[in-house]
Amino acid sequence: MVVRVQHEDFDIAAETDRLVGGRHDVGAIVTFTGKVRGDDGGRPIATLTLEHYPEMTEAEMVRIEAEARSRWPVQEVLVVHRVGELRAGENIVLVITVAPHRQAAFDAAGFLMDYLKTRAPFWKKETAPDGKGTWVEAHAGDDTAAERWR
Amino acid sequence: MVVRVQHEDFDIAAETDRLVGGRHDVGAIVTFTGKVRGDDGGRPIATLTLEHYPEMTEAEMVRIEAEARSRWPVQEVLVVHRVGELRAGENIVLVITVAPHRQAAFDAAGFLMDYLKTRAPFWKKETAPDGKGTWVEAHAGDDTAAERWR
Amino acid sequence: MSTDATRRVRLLYFAWVREKVGVSTEEVDLPQTVASVEALVEWLKQRGPQYGEAFARPQVVRAALDRVHVKPTAALGSVREVAFFPPVTGG
Amino acid sequence: MSTDATRRVRLLYFAWVREKVGVSTEEVDLPQTVASVEALVEWLKQRGPQYGEAFARPQVVRAALDRVHVKPTAALGSVREVAFFPPVTGG
């Protein structure tokens, strides 16, 4: 797997092409893109600031990748997570899974997102248009979603 | 929903941008791309020819869309299905789902693919490098996958 | 057979069903006595050997009435378009 | 306290835990008696009010030992890097 943490935006088409360009053994590609919404439960959001723990991110993602590969016959997996200050409407995270058949691609992508949400060391702070900052609280629903894979 | 049947290839980035460009209420985008593999269970495939029943495709896809929208809070749904003669490595089908949160986008995309596979009136004929044509047989697994949503 | 005892129906065939029947579409005047999808299949089989080939394994041929999937026992009613095809393999 | 009764550990803080503690990282010499994550939290709380604030609700602060998620009862062992942070909110 490739895991990248970067401030710059990602280009889904270019990333997909890098994984599958010219290959004839791929039947299914799933991409997930997470974006900054302009409000969170009615509270307006101007920017989202993402902080992370770089050394642990890498270690944790390697573990998550090994888990995904042991469960599903995926050919390629890519995770790109942005950090720093992002504006409403911008991309946050990209997951791409590539497999011969669709179910493995769908399941692995869902699994990676659930694990990213509950295990990867990233934290989001929302800043309202008036400058007030609020750390995003974890959703109990994310833990429940991740539990599905146990 | 937009459902398009066309011979020409699709541009995932352009289609995604058309659905979500400039919006600030989108949190999750899932894309599924199905591709022509160069072999089917060891049998080499040079081209795949897709035939369909145009008037029924439209009617069936409208029904499938209504079902997906009644089940999940999706903001946008797009299905593009190619027909005619496609070569190994080419795209066949694109599904894009757009939602405020990831689970709806994942579930709606999986549902749409399962229903496309089992209900949309398309038929695939594989042609081997030696010119021999074989109609693809339906997978029992696809019916099982579609049953999950009942 | 009087005209008011038949109705004109458009038949469509797809994939290998089309290849075996030899045409992709035809118009037929169906006797009123042909009242269900399975009765239509039996009626077609008497029209020529190509239909016998196409419907040799009737359980693997699916049907749609006016563009809606139906079972073999479905009543034709006042249907205008009947399609026969193998299990779908799109996506 | 003799040197061989302590070991040097690197502490990292993230998100609002970092904001409350006031630094993102520090090196501390831990007594050998501080043997678990929860014992380390208690030891930190005695160092100053900022730790008391950061760990006011210890159940919502998570920890990692050498970059692996652990429970509060986990033994520190020969750990070199301990991180404290709120439940993660990435993705």
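A few notes on this one:
Per-chain residue numbering starts at 1, and chain names A, B, C and D are given in the order in which the chains are listed.
By our rule, a contact is a pair of C-beta atoms (placed from the backbone, for glycine too) under 8 Å apart; a residue touches a chain by one contact, two chains touch by 3 or more.
Keep in mind that what you see is a predicted model, and the values were worked out from it rather than measured.
Here the chain-to-chain distance from chain B to chain C, counted in touching steps, is 1. Chain geometry summary: the mean Cα position of chain A and that of chain B are 23 Å apart. The geometric centre of chain B is 49 Å away from that of chain D, both derived from CA atoms. One inter-chain figure worth recording: chain A and chain D are separated by 27 Å, centre to centre, where each centre is the mean of the chain's CA atoms. Looking at chain A, residues 34, 102, 113 sit in touch with two or more other chains. Touching two or more other chains at once are residues 91 of chain C. In terms of which chains touch, the assembly is arranged as an unbranched chain of neighbours. Remark: the chains found to touch one another pair up as A-B, A-D, B-C.
Residue ranges on chain D touching chain A, taken from their complex, read 12, 14-16, 18, 64, 67-69, 81, 83, 85-91. The part of chain B that touches chain A in the complex is made up of residues 11-13, 16, 20, 22-39, 88-89, 100, 102-103, 105-106, 109-110, 113, 145.
Against chain D, in their complex, chain A makes its touches with residues 34, 50-53, 55-56, 59-60, 81, 92-93, 113, 116-125, 135-138, 142.
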